[in-house]
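Each of the two complexes below includes subunit A, the first together with subunit B, the second together with subunit C.
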Partner chain A sequence: MRFRRNLLGSFLSFVVVIGVWQAIISFGHVAPYVAPTPLDAWRSIVENWSHLWPLTLTTAKETVFGFGAGAALGMGLGVLLSKRRFVQRVIYPILILSQAIPIIALAPPLVLVLGFGLTPKVVIVAWIVFFPVTVSVLDGLANVDRDLLMLARAYGASPWRTFLAIEVPSASASLFSGLKIGATYAVTGAIIGELAASSGSSLAMFQHAQSAQLDAAGVYGTTLIMTAVGMSWFGLITLVEFFTTPWKRRSIARRAGRHI
Partner chain B sequence: MRLVSLSLYIEWVELSPVLTLSNTEKTFGALSAVARTSFSVERGSFVSIVGPSGCGKSTLFNMIAGLESPSGGSIELNGGDISGRTGHVGYMLQKDLLAPWRTVLGNITMGPHLTRGVTREDEERGAALARQYGLGEFLAHYPDALSGGMRQRVALMRTLMTDHELLLLDEPFGALDAQTRFEMQHWLLDVWQSTERTVLFVTHDVDEAIFLSDRILVLSERPGRIVLDLPIDLPRPRRTAMLTDAAFMGAKREILSLLHHESGEQ
Partner chain C sequence: MKHRLVRLVTAGGLALVAAITAIAPSASASSSLTKVRFAYDFPWPDMELIPVIVAQKEGFFKDHGLKVSIVFPPTTSTTVQMLATKDTDIAMLSTSDLVVAVKAKVPVVSIANYSMKNNWGLFALPGSKLSLATLKGKKVFSWGDTWTTAMLPFVLKKAGLTAKDITVVNGEADTPLLKAGKVDFVTNTTNYAIPGIGGKPVQIVGKAAGVPAVPVWVYATGSSYAKKHGKTVSAFMAAMKDATQWSIDNQGKAVRYFDKAFPDSGYTHSYNVKAWKLTVPLLKNKSGDFFVQTKKQWTTLAQAMVDVKQIDKAEKPSAYFTNKFLP
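And then the complex of A and B:
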């Protein structure tokens, strides 16, 4: 039920955004070469689809691979830093430093080192994604109920079993917050990487060309595609969260246990 | 000859105490939390510990549970030293500490989940326990859907599932309202009598202690030491009417006078 209501809410907000866009163009008498109507942008997407589709796939691939690498690195670092306080003191300032470097300034040297292929884009996306994930895992693990950990110890549970049975599920809510923040930023990283590489075929460069030709409808259409990649990925992460945390939305489970 | 010695041995095991503390003490730096304490708990008995807040009851329990090591003396369970070793007694606190992500059955089987992995037999046993003690309809519920009393029942079932003979219950009903608490006391006695466990119970509530126990240990202010070891001579099963019994009132008067004298008030 809640799932269907969420879906309806998303659809309505989409309608609102398109409606506001259309209203600004119509009532503001904006010239078509400055900004297109939603329908024009959509038409441009349809016309260029044969070009756009493979480029979209490439951007999606960069986003997904980069996110995967960043999330894995972020979770690993989060666990390591929460378990080893001294490592945390040494590494944490470095992590903050890594995020203080403007990512646009970081992209060109990365392209120089890693070339023009998939790798520099994946690295940039991972660079952006890992940080919120690390912070959320650190927070989640720091906020596990101390008494619950003590109870696990009283039961004679090993640290590893305690980690899997208590700490991971306790920290899952916080982890998903980090993953969702990472998911929204991931596509931005991919596009920055494509811009920095500035050669080869990519969504970013395609849009650059459209902009040079004063093709406003095309520029907006391509932006819509990029946004769609980011939102799809965010939606997928939300879906994973939805199905892995049933206790947040139900009061009764489908099954009492694994065997019964 | 052999038969005789075997039966003697069985008798000795039955009569020997489950838990024996000998000169057990705990200090944190210069602070003495528990003064040298010695007492035994008989097999199958229900013993309560009462005392003013901060008298070291929790420290005492943490030592018996193995979460903290005593600074001196020994703690023996069935004749073996368990100082500083966890996993030998059942432990339950005022906070139910149910995992919100596990169902009622999942929480009842938390012990095996934390130590070796839950088997089908564990789940069947847990479900049978739950059904026997009024939780049968709630097996698939998540804890957030349950009332405070129900949650404590689940927590006690989880403690029973660990199969330890000795159960440490640290103010398990302290957070419940009076009516629920009353129901839970009767329910606990029911569970205790049918499962033949030994219970060591901590409470602030003198009425609760007398109503439930075979014996009450009164602790002094910190550093805690036993100032009274009082047997409660009320017949079992306990009935609500006993709350106004002369023996009940006598025990209550004795404990209260000590507690108030000890805290230096009133």
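And then the complex of A and C:
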């Protein structure tokens, strides 16, 4: 029931967005070379699909690989910083500084060093993803119930066993918040990397070419695809969270109905 | 004491009145000038803006009753849209951008050539043994713009190659990639590439590159703006003629005007001097005229863009240009 309500809510949101978009174009008398209707954007996707599909796969690959690298780095750093206070005091300001550097400024030098294949895009995506994951893991581990930790110690649990059985499950909510934030921004990093330099065609460069051609439908269509990649990845992370954290879902114990 | 105070106050009052009187005529003169927004073809300024800066600084715009402000587009492909949405009145564009605009039914028209020659081509580092014959398998930088997309197939045709024989690298900065050895060739025009790369770069330009003899840049305006403000457009072009000639006759001073107007342009004075010197020979046709467009240039370019499938069909030349606003 709740799932159906959520689905209906998502569908309605989608309808509202499309409706507002169409209304702005229709009532605002917007020229087609400035902005297309939703239908024209969709048509452009369909017409160019044979060209767009391999580009979409490339962007998705950059997003996934970059996200994986960033998430792994973020989780590792989060655990390290939570276990070693001194390291946290030294490294944490550097991590904050890393995020103050505009990623747009970072992309061109990365391309010069790493070339224009997959690597610089993966690095850029990882750069964007690792920080929210690090912070969320750090916060999650910092808020583990101390009583549970002491209980585990009282029962003779090893640090590793305590980490796996208590700390990881406790920090999972926070971890997945960070992963979902990272998932949303990951495709942006892939696009920035593609714009800095790409050999051959890429989704970003295709959109750039459509913009140069004043093909607004093509530009918006490509934007929709990029959005879909980002949303799909976010959805996948949410699904992983759903299946890996069953204790977060409320379980209702059925009673036999006996009066005691 | 009192007398002295009265004299001081009176003198001060008279001085104030004199100052206001001096300012007032300038203010009213300024308000009688027609305001024009001029959009450049690039998001940041470079030396091709020199004639417009000179027109501002030397008063050529003012002499023709204009007050021109310069606006920069957010990206390299939005100048045409700025004309269409009336976010600017007059602009500088590449000729290929204008052909694409007409195909997309954007109501714009070219009012003058900026340059008269096609000085676009491929450039490699000085001393490299690269040539059209060795183009196969090489990495070529492209800005991803309509002009490069239109011209590159001509180069490939001249070299007897297809698009699959080279790797096109799209990006936002060409010279750093060339100097870092990440690409073998960059694509640009001589007046940017030569000072940017430095020394004597290997050049495959114009006829040697197999590209059509069509100008690269034009001045353009919205069709409705041209209809309603024809006199303003004519005045603008008259001022630009004076300013362009002055910029040719006083190259050093013209460059210094640019340097002073845009100290943060990212270009050194030395680069600007070299680049403007290379731009000057492009500005007049064989008859020594500025700006004059021909039907042939537009037909040639439009057909070239049809041949590389950038547009479906070529319109008649009058759809692209008019010379009626030229001085």
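Here is the rule we go by: the second predicted complex is superposed on the first by the 248 of 260 C-alpha atoms of A that agree within 3 Å, B and C clash if a C-alpha of one lies under 4 Å from a C-alpha of the other, contacts with A are read in each partner's own complex, and residues count from 1 in each chain.
Operating definition for what follows: a contact is a pair of C-beta atoms (placed from the backbone, for glycine too) under 8 Å apart; a residue touches a chain by one contact, two chains touch by 3 or more.
Worth saying up front: this structure is predicted, and the values here are computed from it rather than measured.
Judged by the touch definition given at the top, the superposed model places A:Gln213 against subunit C, while subunit B stays out of reach. Contacts of A:Thr245 after superposition on the shared chain: subunit B is touched, whereas subunit C is not. In the overlay built on the shared chain, the residue A:Val111 is in contact with subunit C alone; subunit B does not reach it. In the superposed model, A:Met205 lies in contact with subunit C only, and not with subunit B. Judged by the touch definition given at the top, the superposed model places A:Ala152 against subunit B, while subunit C stays out of reach. Shared-chain residue A:Ala197: touches subunit C; no touch with subunit B.
By the touch criterion defined above, A:Thr162 lies against subunit B but remains apart from subunit C after alignment on the C-alpha atoms of chain A.
By the touch criterion given at the top, residues 31-34, 108, 111-112, 115-116, 195-202, 205, 208-209, 211-215 of subunit A touch subunit C in their complex. By the touch criterion stated above, subunit B contacts subunit A in their complex at residues 65-67, 86-89, 91, 93, 95, 97, 99-106, 109-111, 113-115, 118-120, 123-124, 126-127, 139-142, 144-145, 162.
If you check the complex, the residues on subunit A that touch subunit B are 145, 147-148, 150-157, 161-162, 165-166, 169, 172, 245, 247, 250-260. Subunit C meets subunit A in the complex at residues 75-78, 80-81, 84-85, 97, 100-101, 103-106, 139, 144-146, 149, 167-173, 176-177, 180, 182, 310.
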